[in-house]
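Below is one structure; the comments refer to it alone.
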């Protein structure tokens, strides 16, 4: 007897049951997220920062990386000064004569790119490793998790510091260092939630439905591990940005002619006592706003995505 | 029967003021329990049984609140009492046992700590005396080698043992009433039987009043003296256990009993109540069961009162299955 | 019996072993005694299920019911023993046959929340496997899913919803639709109604009974609720700590159980028709499966235990036609 | 327990080896340390002589082999710049770093737990929201930036506390400590707070999260049902439970405290091993870098052991020796 | 009275022979004496030797000071000198010792207070060499290990201050040596604290934690000038900051044609090098990068040093001339170039590199900047993968330790020749046999006046070739609290006896 034929004449129940009102998950997520004014504000601010950062080449008054337009003649001008070309530096200029506003915009772009790039790569690496560990189990898992433990037992700053000392400077290098310093967090997070998910009955159902391992891992388990990953991802991205700043401060990290926010601050740091506050305060504020807004968004995501806190 | 009931709950309303709206978890519950009596409180998930229990102990948390009604324990009104006074009553006059034995004991404190503090919270008892009383309580619930057990941590106990410890803690100050919230649901049948055995013995020995919350009609059938059936925050039927189970008045009770598989009707289709429990946020006007009730008519648009049927029974229905009309529809089924 | 059973378990065991790691092996070299921890979740179980039969599997928590169910459904491979599908050893069959046999056995789970992938829509939950296995064409999936939903009593318009938008009973129906979608002949129901309220439970049980008549399905119905098992099954298998202690046709078992454990169990079950009874429980706790008692696993709690029970595990023997029990008392005590 | 310690040791040995290999070969790739030391007046011959004297002329694997051999005898090499055993140099500076880290830890607990508890118990109050906002700020601020701000405000502008250095020390069991003298304490305050800031935020959040979760647990409700006072419920039932994650995480974070002391020590000129490391990295003083990392791993092992023991005291469910402990 | 000094770099050892390194030498200056002590302008004054003179072509005679006692109470005499020069080049584990100064010399004790130093060839720089080596005591110091010095056991010199305590990373404490043979020390105890970060150092001064700080960051000078509770002292140093130019390779690794193609190394053309020099506005760097704290340089040492030329002036900034020169050299549209420099070695090094890059870009040489920590920079700048200098245009500095022009000429200008020890730091590989000849001649000339002339001549020839492009001489700044003043030193050292009350 074919299952399909019987459908229409099913004797079971004339009227199918009603269900609770349908609500799209995305909408629910957004409304939950918007619950906190602060977080909403932070999200909007973050969006604005991202847009501004990525449009930097379009909106910045100066290309601070073009040495032909930057001159030490303009170095250390206080905010609001007009330079010889008649252009007003609203936030002043830094020690090399870069327009600070432009430098901050470009710096934001670099900082955010570094944070995002390292975050995304580390996320993918960690995710793959963590998922495999959780799903395969046994010795493979043991081995992978030992490596993760080793990595985690070493603070990210140290790892990045040593690595950068070895690799040298450059955006690619710092991304590599940050990835190495961070992937393990993702691996651990994914594994933890994948272990929980793997024991869920829907995975057993998928197994008994004869679906392939790859399909089960990526179509079934992975989407359910994303929530904590996203939370860890936001926090780690903020962390990466701060870490990059710290590394720049310690003298390893990025090349100085294309300063990230961290490097701008570090460079401005030496002007602090001399009263040329703007060189480091403005980039500092930009960095602070970025990190704080990312963290606030992450915080709220954590609350919204955490099933235990729901309802 | 004694003159005053140990507990008299009248028209209790406990609402939760959530973002999505006001959840009327308990919306006019009236109950009474006498000395030495076990009242079974049954109902489906979400019908407000637990919240009723918490209301009696004054343990309703934000965003919930007792909105109105009265809870009298030995004649003493509890609603509106300041927290400090309630604290003195909790554990002293009323005690509570929870569903999940794995979660009710603090995992990081030794059993003796948890027992002794319960005694010393209510009186100036020496550590030694308190320990001795704890020991006795453990013996009473049938825990072997209590001295050793006192020194243990909860994780060293099995589920059934833990639930016994919880019961022992509830008994420590010899309360007048124990509210037991599904204490055996998480346990295996053989272990459940052990607990039921101890409880039965205790009630008989001490004259303790008890509210036994469960969704398992079979368990209360064997244990309770009287039964109250809850639906959507209200008691819809109440009475002695035999009468309620054998001759239910309310269509809901009847449906519930009909859906329990039993060997009398092996292999036969079970009776099923159509539809599902309404959301407490959007309760319909009038009788909340009307939408699922085969007997519902226009009269049900108005909330029926909890009406007495005979000396000890009550039901909240416009069309109860009373002796007069019962003959028409005796087979306990609904839609077939 | 002449007819080949649809599914046969021959001396199936399933062990979960926690192996020693390098450090533990090392201390063992220095004379410590670290052992592997072995859980005999299923211990030498043989069962044959006939076409169209409903076999109830009863036992207390941790006795290995679910593990046995998983072995039957092909989620776990047995550590020992053979699994025969229509008389054919699944292990040694060709890959294709193996897959087919596996699809023919589907499982319905206990927890209506965790048994559905919360991030998938109903149409994917139900439609994924048939499409992957080519049971239905890409274009036909929608209709196919609608059919399945109708069959389990759900409105096809629900197909775009996510699991959380359903009530418990409805979710359980989605789970059943998912299983039905690969045209199974055998359903393993692992506590499929335990998490549901009685009124909902009745709906789902009715659905199971209807499907049995409509589709000729065979069931292994796992439950600790004797009432449910009694209502539904033709034959009951009782397990205790990984072993089958008794099997019998339902009527006979409930009329008169043979094994002391079964007897105790039947006595303990609360029934709606017994009132104000005196509870007289079995003594003792359920032992840990990590360290089960020697001999007959039940002997520490058994009122009739004697010397031999401590030493020797009783074999499952036929005590009457169609009835088996594993108790030394049956050896002419 | 012995298995547990053994497992830890095996794991750490692995880290040490991995670290040593990476650093050893990595630094070889960066550049020739000799160029860091030679004085301008030296000619090629002198330079080659120095190279030979330091053993840097030999193939890297040979150097490594030699390193491993002497490391097994407890000799982690001689610092290129100081000419003294690297291990000794690190141990000499360890008390300063540890003192800083422990003080920071103490501050983290002393500020973090009460604030976190408050925020968890009254999540909707304005004060709690301020605490949480502050904690976000706390872990968003780059350490070095906060450090210089602290110096600016408390040392330069207000003049309340000294800006840099360690101050007077007295010997406690042969180890110089500064918290026992007033001057030392004054010097300790700013850097310790700088270092603690991040952890205070962390503890606040952990405590709050723990509180929020625990408060809904049955055992808290059960404790209330027993009629216990709020003080006892919070002070005993709640606190003991939330201490478990706090202790675990702080234990793990102690490593990062030590790591971040690299930054703090640089800003505050605190004579600890972090400062030594940064300088060693800048000058390619390979023996010090390797020895530092090995010491750190060792420290971690010890600290983790202590944490685990603490953990098993706090949480009776944990038995050392269990898998994955 | 007590004095606390904050310095930027910490001494790595108390042992004066362990490492020939600025911070160590500066500490040693206070505890130990040399045969001749350099004054603040690096002129050698009688130290433990009261006089010295060549007695023949290959022998110098040193007359020693009598009645001097070491801090440990032992007497100073010729034995101490002999054993010192035995020990100095042979300290175990020394990363870079003093063999440079002792090599090729034989020390002979004539009597208790006379020592002869013999060389194979005439050696005019004898005092400059020996004036760098601290004399230690043959009783305690000569057989002592570096650890003994660090622990204080062996750290006895004859200098104005005695060693008291060494807390690595935190402080070194000295006390006045009241028996000092020279000018009596002003300060009862001296505490030297290493504070690496510039702003922190300034903060420490402003907070009153220290009395004197060395290496005031240029950025803070303006602020400090404005305060009346701080006194600044500035002085030019012996360090020239200059560009080294790859002029020996046809294909220079960091020179590319416009658009990135290969190009014959234009830096080999003197006109291009001149264009670079003219494109650089040394005044602008002084004013905007160094905040006034540099002196535009036209040669290897500032005026007043031994062997400098009086004819050489810094190139004036002239962009048009630079462009014209480029056109003349066949690269009218310039080319692409990467300039390398350290970022943690000289005052504002990275900023200078960046400013130069800006300026070169303006005349058409599209310049990229790469700055590296010195740990990586110097080894790559000296010998890259193939053993040759890796970069094309680099910013470097040179401090003339001996205080005369022979030092940079020999190291930077002379043709690179390992065996002769010439051109050891010639990273541009400039090579002009005629210049080499003059330098060699000068190095063998014992007559000071003649030597000065030869050195000046060699300098003029090399600068005329644009062998290197001098940028500026560093000016160092010390700051002290009101009432104190530091006498600036050309060797950049910070020593307690340089701090005087105003």
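Residue numbering begins at 1 within each chain, and the chains themselves are lettered A, B, C, D and E in the order written.
We adopt the following convention: a contact is a pair of C-beta atoms (placed from the backbone, for glycine too) under 8 Å apart; a residue touches a chain by one contact, two chains touch by 3 or more.
These are the chains along with the protein names UniProt gives them: A, D = ABC transporter permease subunit; B, C = ATP-binding cassette domain-containing protein.
Because the structure is predicted, anything quoted here is derived from the model rather than measured.
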Original post:
Looking at the contacts, which chains touch chain C and chain E alike?
Top reply: A, D
Subject >> Steps in the shortest chain-to-chain touch route ending at chain E and beginning at chain B >> reply: 2
Subject >> Pair joined by the larger number of C-beta contacts - A-D, B-D >> reply: A-D
Subject >> Chain whose average C-alpha position is farthest from chain E's own >> reply: B
Subject >> Geometric centre distance via CA averages, chain B-chain A, whole Å >> reply: 50
Original post:
Between chain A and chain C, what is the separation of their C-alpha centroids in Å?
Top reply: 45
Original post:
Approximately how many whole Å separate the CA-defined centres of chain D and chain E?
Top reply: 38
Subject >> In chain D, residues with contacts to at least two other chains >> reply: 30, 148, 152, 156, 266, 281-282
Subject >> Two or more partner chains touched - positions in chain B >> reply: 276
Original post:
Multi-chain contacts in chain C: which residues touch at least two other chains?
Top reply: 21, 167, 169, 206
Original post:
Given the complex with chain D, which residues does chain A contribute to the contact?
Top reply: 38, 146, 149-150, 152-158, 161-163, 165-166, 168, 238, 242, 245-246, 249-252, 262, 265-266, 269, 272-273, 280, 284, 287-288, 291-292, 295-296, 299, 308-309
Original post:
Where on chain D is chain A touching in the complex?
Top reply: 11, 14-15, 18-19, 22-23, 26-27, 29-30, 129, 132-133, 136-137, 139-145, 148, 152, 156, 212-213, 252, 255-256, 258-260, 262-263, 266, 278, 281-282, 289, 293, 296-297, 300, 304
Original post:
Along chain A, where are the residues that touch chain E in the complex?
Top reply: 67-68, 70-73, 75-76, 95-97, 165, 168-169, 251-252, 255-257, 269-276
Original post:
In their shared complex, at which residues does chain E touch chain A?
Top reply: 198-199, 202-203, 206, 217, 219-223, 284-285, 288-289, 343-344, 350-351, 354-355, 357-358, 361-362, 366-373, 375-376
Subject >> chain B contact footprint on chain C (complex, rising order) >> reply: 60-61, 167, 169, 197-203, 205-206, 209, 224, 226-228, 230-232, 250-251, 254, 264-265, 268-282, 285-286
